[in-house]
């Protein structure tokens, strides 16, 4: 598939800013070591439980909330404990939205995968703004230039069903599909609570496959260490965040908010730790439904997690350089 | 396609009442001369201008707003100037939602068409709760047991584009697709105002094809007669209502409300007149976005137009009987 | 029942202004020829169709919306075509809310009746802010110092049922109860449309009782004259307004808004005409649900109708004086 | 009072699903060891501080939020650390709403009490969806088949006033009324903070009566053990939850949310502990105002607490069986 | 004052599109015969009756609502009865927002005036997106290159007070200030209703000054001719629109919506007539409060009125050309 | 400046209650040892990032939320662990809003300063309800009767910029301006997180000036002691609270809510500790935007913090008395 299938269409669809108002770009503009924002505004044509169509609006909502940061270069960032990077000066591009023919979902999935791969092979970090529950599949597929990927899945659910009504690549199934990919070594499910998509057999299957489950309760009571211990130093890592993994007081803009989720600093700490000692290869956010958000709180939280991801990456490089 | 493809799934997806709480049924339960509620809860997997995904929620919203009427049989209906019919006693069934595989839109379109046809061939009136701009295509296709159909399209737009980005059966195009059907004789576009999807060539094409355009302004200033004159007595009629054809004070729950639209009694009058002297073969409602509605006003208005449609049909039969 | 049963409790319950910020008063403070605002903040302890509990909040909402007018004395009123009266200078008092024991609804009904009577016998105009569908019963009962009362009921429904589940003084029944009062001569139902509480027998009963029905459609198409012709000059008049009698574009804050209702000037014209040539003895507003209102539009419309009522009354007196 | 006073009326009033879509039933259908959902949709006919009328809508809101779980039997429940029970297979019935004559509140109170008693005597667990502040009184009264009941009251307030304006069974008083019942041994007030209904004398009275007060601050700082220590093993327990006992980030849908309340797992832990070592005889939820909720968060939290309650009960039985 | 005081700051303040996504420009980019969008996002630092601060957000809201039209060039416009113009091809520029030092309101007023003048002297049409009630003053002041200006003020109020608490250039006073300008010949107040800022003396003063008052009621009952008769052919015209002049069903997004206002086609007709036979020199919109809007309806209505204004102007030129 | 510049205007602008419904008063009514509520309802005339105009509505929102406490004297306050004070009996006055000429912001700033000073010199505690980011400047300036003031600033930002676009006394700068006042000894910035207004140089400057920074993360992880250690016993203290210092789950009603902020008891503890061992000279709340609030939660939290402040002050005096 040629890249001309990728349209930077968000400006037309819903006029608005790019992420942090960085330059809009095409896949060819991505630079090595850079960061590529990739919109995956797909919901479902139906209204079914768990994949309300509103997730299609998440990329626009996140970009809008992030826009004010474009002029913050050089300000002090208390999360990073140092100066905020210049969004437009660190190789951060916004590739727009992956957008295929309206009535052919299979093509947009292929476009996401290809776009992620194009960035990944350049050693640029793909940062994907979903989209519904199914977006992690093409994201992770596109990371196949790497091996032994460890997936940090922050989610209230396991998403480890084999299929839903016969469909294997839709909601509730992404983690099983990802586990089947040969370049994936392990999934660490973090934030599970209540009941959801996982059947008892799914629960057993994922453990049997060598994956790990860390419940939200364990994180709340014992800290993020219980999750981070599963990631060896130097591992290739893909972080897949479903908004319902966090507590509704942090990310209210999701389909069925469940009390008892992760707190904001839990997310910050896991990102910071993994970036500092592993190799982050991709990160994505799914299941953000702006219509349910509370004064953009979810969009702001996602923006700040992305900011932490980029800042931590830059900081690690700086440390590496200084070490020489 | 066998009817077992049709799932009465709305109860599962979003538990709620059937339309006016009449019995839920399957296509096989439809009786001659009856009325069949058919849900077509399709939006788009994307958020693109004109087809916000929220239209997928319209069937549920309309059914909920209609539910209170289930017990109103025998009450006086001032619209009908006589007793309200017993919803469960006039052959009114709710067939549920046409619901295909989540990621294969072509199938759900085929299911709508087949379901409409199944009802139509039994001389039952299909009443379709859309759904987005594209739903009129399978509805009208399913009415192919009849000939020389005259279409009353109430809409702020012509929807007469040949294609949008190559797609021929999506939004903005349904009326051109319908005009190409051999069993369709004429389209009367009513309610056009402002600018929208129609290119100048679309405007010229539809007139050249023998269709008629009646602007919203003409209706507001001169009355519905300017539209009704295009329908010969005894014609087979399909009424296709896009919520934006009405004024936002009547149907606020639409994607881009445009001031200056039709008033409620304009709709009532057109339905009453056409039912009384033509043969209504199908009616559908599209582009209702409950998230933009104003205290269910749009859902209530649609319910009442359906009630008027059924009531006028029963009244005509009664008159016919009495005339014997 | 002694007047000490009447508590001016609104300030405590929900601190806020009096109507147009006029002085708060007790029944004993009412002056002959004055105007008495009486709050009747009753909903239902249940949530049942047609009497959502939120109507209990209407008096507070109307008072709040009216408060800004307190300083408008001497300004030009384009409705009145002359100077706006000084709210605090024309004998307008706010008697607060009729408020009985929380769990004994029969007492609050008695309090309304007694309070209205206290004002009415002093030839002060009771202006009642309801409250639910049942409030017209005690209001009209309290007007028994007069005879041959003609009731103008603006309502989408007849409210002429004998009882609902055995209860005779609740919602849907007030007009029948009122018709049974010996001091009532006739009811003119204005604004009926769609279907609602009226059974066919209710419809027939009210006509047989000598009352008149003027549908919303008749007013929209033919003007308010069709309603006003039923009121002889010099008649004693009670105006009972249910918010759903008006179009939802004028009064959206009601339980089940129905398109096709009366326009604002229809209300203004009827009030102006009846005040000028009949004797207005009481006016009340029911079924306003602030939670469904649209930026206080309903509260503002009610305030302005009250302002028109008072202004027209003063104007008539002025004319009468000048005629001497 | 005969059971025919109890109407399963919610379907008519607001068409919607039963709790978790289990079968609707009558009192006679309750089975020993089962679970009975009982709606108590009462607010107040007035709008007074603390008992906004909107609580009447809580049963419908909770049932709607719970409906999606009907198909979750056999899925893994991370709260229960095992499979989710089959809602329709564990003797869970929805008895509908206790609904007396609209204007006679004394009767609906009697109906609640009788319905709770009918379930309790069968050793089925009454799970009451209130309703306002006064519903705990008839609930606890209906548990008089048991003795020495220990009440866990989760609430920001003591609700221990003798009367409010002379009314002894309304808001702010339920815990004092309950304490006066001969089958009640002790109340443990948990979650108190800020100021509210309790006078200094109420505070002193409840301590003097042998009850215990555990402030929200104590729970937040020291854990739920400070509350649980007051419950002896094997005690009969009634859990009465007022939504404002929890933090507004967990249950925002309440009348006057107060920061600093209990966290979600505090509730889960207390339920789990009491079910495992005491005998839970009834549980109820009051003061949920859906209009103030934040994307159904409160309804979802309540549903999940009920799910935990049922699950823990089943788990205890299983353990007991296995121990044999 | 040099033009470098004018900052095109809207992109920074609230990232978003320009009006209809036309190019952003500076005053120097304006071309003769073109159209200049000028943002005047000023509210008040206080919350006082009539000038809620939210009007500062109107330019952003209007621009956002208009953005979708950027790609509509060549489509059929049913208002214009011909093709829609190419927004970016008719000399339409967006000059951004007039934005002075935050705490020095006198400067932003001067900037509006100067910017309007700069456009006007080039015979480009200034189209001003306010802002509060005071913005008409600098707009009209900036039109001093013309003489004998006739002002069409669409407003529920006269705005003819001499001062409010000593301030002469704030809300309620703009029309009196405008009347004092030597290049203004007459004001036609259209849409007055209810009571508002006008004292009886203001009412008398404006009539005495030779201005005309046309109430909303006169327009609703008799048509726009009663207003248009005051404008001689060939007059220089400035149209000043306060959103509350229109009916709340057309423009709900205003501070205190008043039922009984102008309908949408009343505005369209007045613009079309004045453009066709007079010389439109400026147009502005004030008192739009997006927070009170109803799904952007007000912003859409304003956009469409601007579209009508530009279209009618182009049409007149075309007619003039063809006449040669 | 004479005190007659101070207008108690809130009642006129937005009729509503005073704080806790205590008596409204003038500066001359303040008594020694009393508490003076001072409204500073200023936003910005513009919509710029960080100072949305809506903060002008905060005083009204807080007063409304507080009103219900007026009758709570003598109830048990679980925060204070004793009886709640009688709001009207402890010298608590509401001085209304500081309100200068609409278009001259410099004057309202002067009025705040003078009003605070008038109260402070009487040893009454000024409690200021802002208002935007700039209100701390005149508050602290008005505390110049004291020396060596230690400022506790609870805020997500440092607000230590020298100027923004040349303006030195607007948003983002108040703490630097305050630091320059000769009667100020030290600022303790508490709650900083993410990035905001602070440039790296601002961060360095404030540390160099002897101020302290305590991040939100430090408070969340280590407790409030890390902040309180900077306040010597007996110090004069001014507490300046920006709502975004708290977590959005506690104070959602702010411009750009940032996850990870202070919890409610953190604020309670700091107030209690400082009141008990230092001399609190003033307290103010800024950046509360009621339009973004979540069912008044922010207003309630502020009310309760004020209640804690007053209660702790009275408690300290009582302790002091008893010690004699």
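Think of it as A, B, C, D, E and F in the order they're written, each chain with its own count starting at 1.
FYI, contacts are C-beta pairs under 8 Å (C-beta built on N, C-alpha and C of every residue); 3 or more make two chains touch, one makes a residue touch a chain.
Source: prediction; values computed, not measured.
*Asks:* Is it true that over half of the residue numbers where chain A touches chain F are used by both copies, so same, or is it different?
*Replies:* Mostly different residues: under half of the interface numbers shared.
*Asks:* Tell me which chain's centre, taken as the mean of its C-alpha atoms, is farthest from chain B.
*Replies:* Taking each chain's C-alpha mean as its centre, the farthest from chain B is F.
*Asks:* From the centre of chain A, which chain's CA centre is farthest?
*Replies:* With centres defined by C-alpha atoms, farthest from chain A sits C.
*Asks:* Which whole number of Å gives the spacing of the CA centres of chain B and chain C?
*Replies:* Computed from C-alpha means, the inter-chain centre distance equals 39 Å.
*Asks:* On a C-alpha centroid basis, what's the spacing between chain A and chain E, in Å?
*Replies:* Centre separation, chain A to chain E: 45 Å.
*Asks:* Send over the residues of chain D in touch with two or more other chains.
*Replies:* In chain D, residues 49, 68, 249, 294 touch at least two other chains, as defined above.
*Asks:* So which chains end up touching which?
*Replies:* Between chains, contact exists in these pairs: A-B, A-D, A-E, A-F, B-C, B-D, B-E, C-D, C-E, C-F, D-F, E-F.
*Asks:* Can you list the chain C residues touching chain F in their complex?
*Replies:* Residues of chain C touching chain F: 12, 15-17, 21, 64, 67-68, 70-71.
*Asks:* Please name which positions on chain A make contact with chain B in the complex.
*Replies:* So the residues of chain A touching chain B come out as 13-14, 41-49, 51, 53-54, 56-57, 60, 99, 101-106, 108, 164-167, 169-170, 291.
*Asks:* Which residues of chain A touch chain F once you look at their complex with the stated criterion?
*Replies:* 68-69, 72, 74-80, 82-84, 249-250, 263-265, 268, 294-297, 300-301, 304, 307
*Asks:* Which part of chain B faces chain E closely enough to touch in the complex?
*Replies:* Chain B residues touching chain E: 49, 158, 192-200, 202-203, 215-217, 220-221, 247-249, 252, 256-260, 292, 294.
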